[in-house]
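Next, two complexes with subunit A in common: one pairs it with subunit B, the other with subunit C.
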Partner chain A sequence: MVIYLIIMFAISLVYFASAERLVTYIRLIGIQGLLLCGIAILELIEINTVNLIFIIAETIIIKAIVIPYLLRRITKVSGVTKVHRQAMPGFYLVILSVAALFASLILSWSLRNPYVDVIYMTIALFSLFTGLLLIVTHRLIISHLTGFLIIENAVFIFSIAVGNEMPMLINIGILLDIFVGVLILGFFGLRLKPYVNELTMLKD
Partner chain B sequence: MLLSFFIISVLICLAMLLFRNRVLTRILMWGYALMHIGLSVYAWTRLDLTELRFFTYTGTGILLLSVLSILAIPVVYHGFIYTAGDDTRRFNIYHASLVALMTFMTGAYLANGMTVLWVFVEATTLAVASLIYHDRTAVALEATWKYVFICSAGIALAYFGILFLGFIYGREDAASLSFTSLATLVNQANPMYLRISFLFVLTGFSTKMGLFPMHTVTIDAHSVAPPPISALISTTLMNVGFLAIFRVYTIFSTSSIFPFMNSVLIIAGLLSLLVASGYMLKAKHLKRMLAYSSLENMGLVAIAIGVGGIGYYAGILLVILHSLAKSSMFFQMGQLSRVLHTFKLDNCGRYMKLYPSGAMVLLLGMICILAIPPSGLFISEFLIFKGMLANNQWALMISAVILLCFIVYAMSTRIMHILFSSPRNADENIEPGKVNGIETVSQYILLGIVVLMCFFQPSFVSDLINHGISLLPK
Partner chain C sequence: MILVSAMFFPGIILRTKSIASGRRGPGILQPLRDAGVLLRKGSVFSTTTGLIFQIAPVISLATVLCAILVIPFGKQEALIHFEGDFVFFAYILSLGRFFMIIAALDTGSSFEGMGASREAFFAMLIEPAFFILMATFAMFTGYVSFTDIFSNFFITSNHYVLIFSIIGFYIFIQIALVENSRLPVDDPKTHLELTMIHEVMILDYSGFDKALIHITTWLKFAVYGSLIYNVVVPAGWNIYLQIALFLAVQALFAIIVGFLESFRARNKMNKNPKFILTVSAIAILAFAVILILNLNL
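What follows is the complex of A and B.
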């Protein structure tokens, strides 16, 4: 069952590269939150119940509800609906995304270790690369925020892989979630201009 | 003691935010600064002892904690002057954030495990964000956004590095991820994991240390933040980033990736020097120039650690002295802006005539920062070059010397212009402000310590530096 959820998570990452509308981004972020919740339930069954409930609540409330809600508000305020108007065309992004998937697979295979599942490492690295790709190739601030959220999901997947023995690592990852959800999205997302190249007051 | 310190700090923050009373805030701030000094004094008597399970008074940690304590008094003093015109709400938010920042930095200095260190570093981002945004201007918003976004991404990358550490040994062996447990197991680890972990940690914590390639956010943040906050984050907060990287470096130094780490640090340091020299030559904003100077110094620290041997001692000495000298320069920037009403280089001039005591701080600060004798930084930079010669790293030495020459030229010509030349774009309608010369006393004291360290390094400081580097290969 977990393997299907992980594969769906990987598909959602490839879909990010081809998506052209911000509403698709927001839906994908919400879906990723739900998938992570499912993965956490199936993988972390051995940890104590209170901790598990906390992690499940966090993935559902913060990742699947609060963050998509805040992203939707930012979209409404900024009035921007499409992501590719000033960014790299989606076709090239899909190619880069697939290349990132292969690179993650090769890297994870070369780093295989009895203590960590190669699939988890592959998807975590793929997620990290996808997040970085969105940040580097897009000019919309909301795309950058989405890229950061994907990196944050990569951290969460990676921490789940050691979560049974180190629940503290997951809890700390959750701190990052709340930090991002509340501060970055809630505060800055609504105050800044929508495009990165409009933030030019600070330069030499 | 540490538990009391954390509890009292939280109570002070809450009291400032709940009771909107300026007098109470002033009393609490001075009380906090004194308490911080008390903690540092206490830490000196508790070397290598652990408290609250997650905190240890290590040599390097105590030194950097003491630097923070030394700076606490002038930061509070100049903070009161800077916020004098603010309404009570903003006044209190500023000081509550300042207490939070200093407390988080204290936790980061004393943390004895990767996860606890990471939590405190992440927390400093929150406190700093509030302080950078203090003026509520569009520029402040842009700088805060960039700082929070890049630091958060950096912190996430650093966390990736920590998770790689968790995978190295098997799950049970290093469950706490404490520095001690990791150090005992490092030789059994897969070197590839160590390399990846080090790269992630270096990149992630470079956002705090201000090293290339993550330096841009610190430059923006330091140039926009209120001057007393720039003084703190351009020194002690950078030291937090340095300490995080230095801790991981120390743990991994007994493994086979030791030469790899040295090469990476030297490359990052040299590129930092290159960027700093290039941008200082075209700098037109005084605080940005000082921020690039911090990049230069952190680059030198990275090179010093990469060079090894005597470089370790020199690197830590440079971190300490740079903190004292650079903070005095940033404190002076606050007064300069009140006299000249600008940070733009073209609008500055005749400062020696308008405010002689402040101008002398700039002159002495420039001598100290550029490591010109009798600056204590001269000793540390001299030792770094001595280490390069000992290792026959001629190309590195020549490159560093050339880049430092550019930096010396860029900074000295700009400071001399401010002190003695007429402004290029003078606005005749703006009257120069008046600032009491007594405000420079703390800056002279800080610079005096830097000069004193050129001639005499007290044994309690050198012993503690040597203690901090005792685990590193000779």
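What follows is the complex of A and C.
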């Protein structure tokens, strides 16, 4: 069952490369949160029950509800609906995404060890590369933020893969979630949000 | 079975679209009646066209009929089957498309040339999706012909079959939509030549030849419907149940196409390559998964 969720997660990464609207990004982030929750439930069955409940609650509340909600608020307030206007065309991004998948496969095959399942490592690396691709090919700061969220999901997947042996890694992944939550809240608190220009000019 | 289901395919799509848009709409047999009228008419050929233009519809129909021969039905073997027959399947369909493209160029019309160029480009982009998917199935089952792949698809001890069944279902639908120039890639009902792909290629056809082109499209839909059937229904089931399920899957496929065309906007022309490439990317993902599972990495 867990492999179905992982494949769905990977498909969502492919769609990130081809999506053009922020609302699609936000939906995909929410879906990834739910998928990660499912993976955590199925994979971390051996760890302490309280810890497991905390992880499940965190993935559902923070990843699937709070972060998408905050992102949606930002898009509403700033009025930005498209992911990018002048960045790399999606066609090339999909090609790069496929290249990233192959790179992840080769890397995880060469780094394989008895403690981590190769499919987890592949998807975690694929997620990492997709996040990096989004950051380097997009101009909007909100797209960079989405890229960062995907990288954070990659860390979470990797921590789940070794979660039964090293539960502390999952807590580090959760700390990253909270960090991202604070970062997004910063858009409200620091009043970075209202002007489209401010959101587009970060990389210039 | 494919010929029978192809006859009702366009009617079901039309009926679904009518119901979805709240219209009474034509009956399921209306496209058949229209084709009957066209078949009884003669063809008018422009003086600028040559032999290629006249024979292209017949060749296109013949290639689809040849492609049907390699598709199995349940446990029944395909009429022709050999190792690598899916390559034959892909390229025999490409041959038909090639003739339609050069027939469009034969007219000397810039519009038709434009449509031919688009059709060739999109067909080229969707081809990897088909081959990668078939390579995935071949790795999954250990066989390299349609008959062997589909008859062993559900009886392998591999319990990940559902993954490949779902991905196959999704990708074959997308391939069928692109190959038959339907939404979201192309709109068969569009009236503006500049935005057409397939329809602009066949603007100069009339009467009997136009009917053949329509019938070819229906058959292609039914061919992909039968591929979908083979990846969702186990080959070992009772033959009568298989026949009923085959017709049900074809009807469901037509309804899905009808709903997609009712509720989905057409892509901008420059977005189509990305859309098609995404389908190939998902096929590659399926291939990566089977690679990991099969090699026990």
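Keep this in mind: the second predicted complex is superposed on the first by the 184 of 204 C-alpha atoms of A that agree within 3 Å, B and C clash if a C-alpha of one lies under 4 Å from a C-alpha of the other, contacts with A are read in each partner's own complex, and residues count from 1 in each chain.
By definition in this document, a contact is a pair of C-beta atoms (placed from the backbone, for glycine too) under 8 Å apart; a residue touches a chain by one contact, two chains touch by 3 or more.
Just so we're clear, the structure is a prediction, and the values are computed from it rather than from any experiment.
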item: Combined model on subunit A where subunit B meets subunit C, clash or fit; value: fit
item: Partner chain in contact with A:His144 - subunit B first, subunit C second, else both or neither; value: first
item: Centroid geometry (CA): angle subunit B/subunit A/subunit C, rounded to a multiple of 10 degrees; value: 150
item: Touching partner for A:Leu36 - first (subunit B), second (subunit C), both, neither; value: neither
item: Contacts of A:Val80 with subunit B and subunit C, given as first, second, both or neither; value: neither
item: Contacts of A:Leu70 with subunit B and subunit C, given as first, second, both or neither; value: neither
item: First (subunit B), second (subunit C), both or neither touched by A:Leu52; value: neither
item: First (subunit B), second (subunit C), both or neither touched by A:Val116; value: first
item: Chain touching more of subunit A, residue-wise (subunit B, subunit C); value: B
item: Subunit B and subunit C, minimum CA distance [Å, superposed model]; value: 15
item: Residues of subunit A contacting subunit B in one complex and subunit C in the other; value: none
item: In the complex, subunit A residues that touch subunit B; value: 110-111, 113-116, 128, 135, 144, 148, 151-152, 154-155, 158-159, 161-162, 164-166, 168-169, 172-173, 175-176, 179-180, 183-184, 188, 191-192, 199, 201-202, 204
item: In the complex, subunit A residues that touch subunit C; value: 3-4, 7, 10-11, 14-15, 17-18, 20, 89-91, 94-95, 97-98, 101-102, 105, 108-109, 112, 118-119, 122
item: Residue ranges of subunit B touching subunit A (in the complex, touch as defined); value: 115, 118-119, 122, 125-126, 129, 138-139, 141-146, 148-149, 152-153, 155-157, 159-160, 162-163, 166-167, 169-172, 175, 177, 190, 192-193, 196, 220, 223-224, 279, 282-285, 288
item: In the complex with subunit A, residue positions of subunit C that touch it; value: 160, 162-163, 167, 271, 273-275, 277-278, 280-282, 284-286, 288-289, 291-293, 297
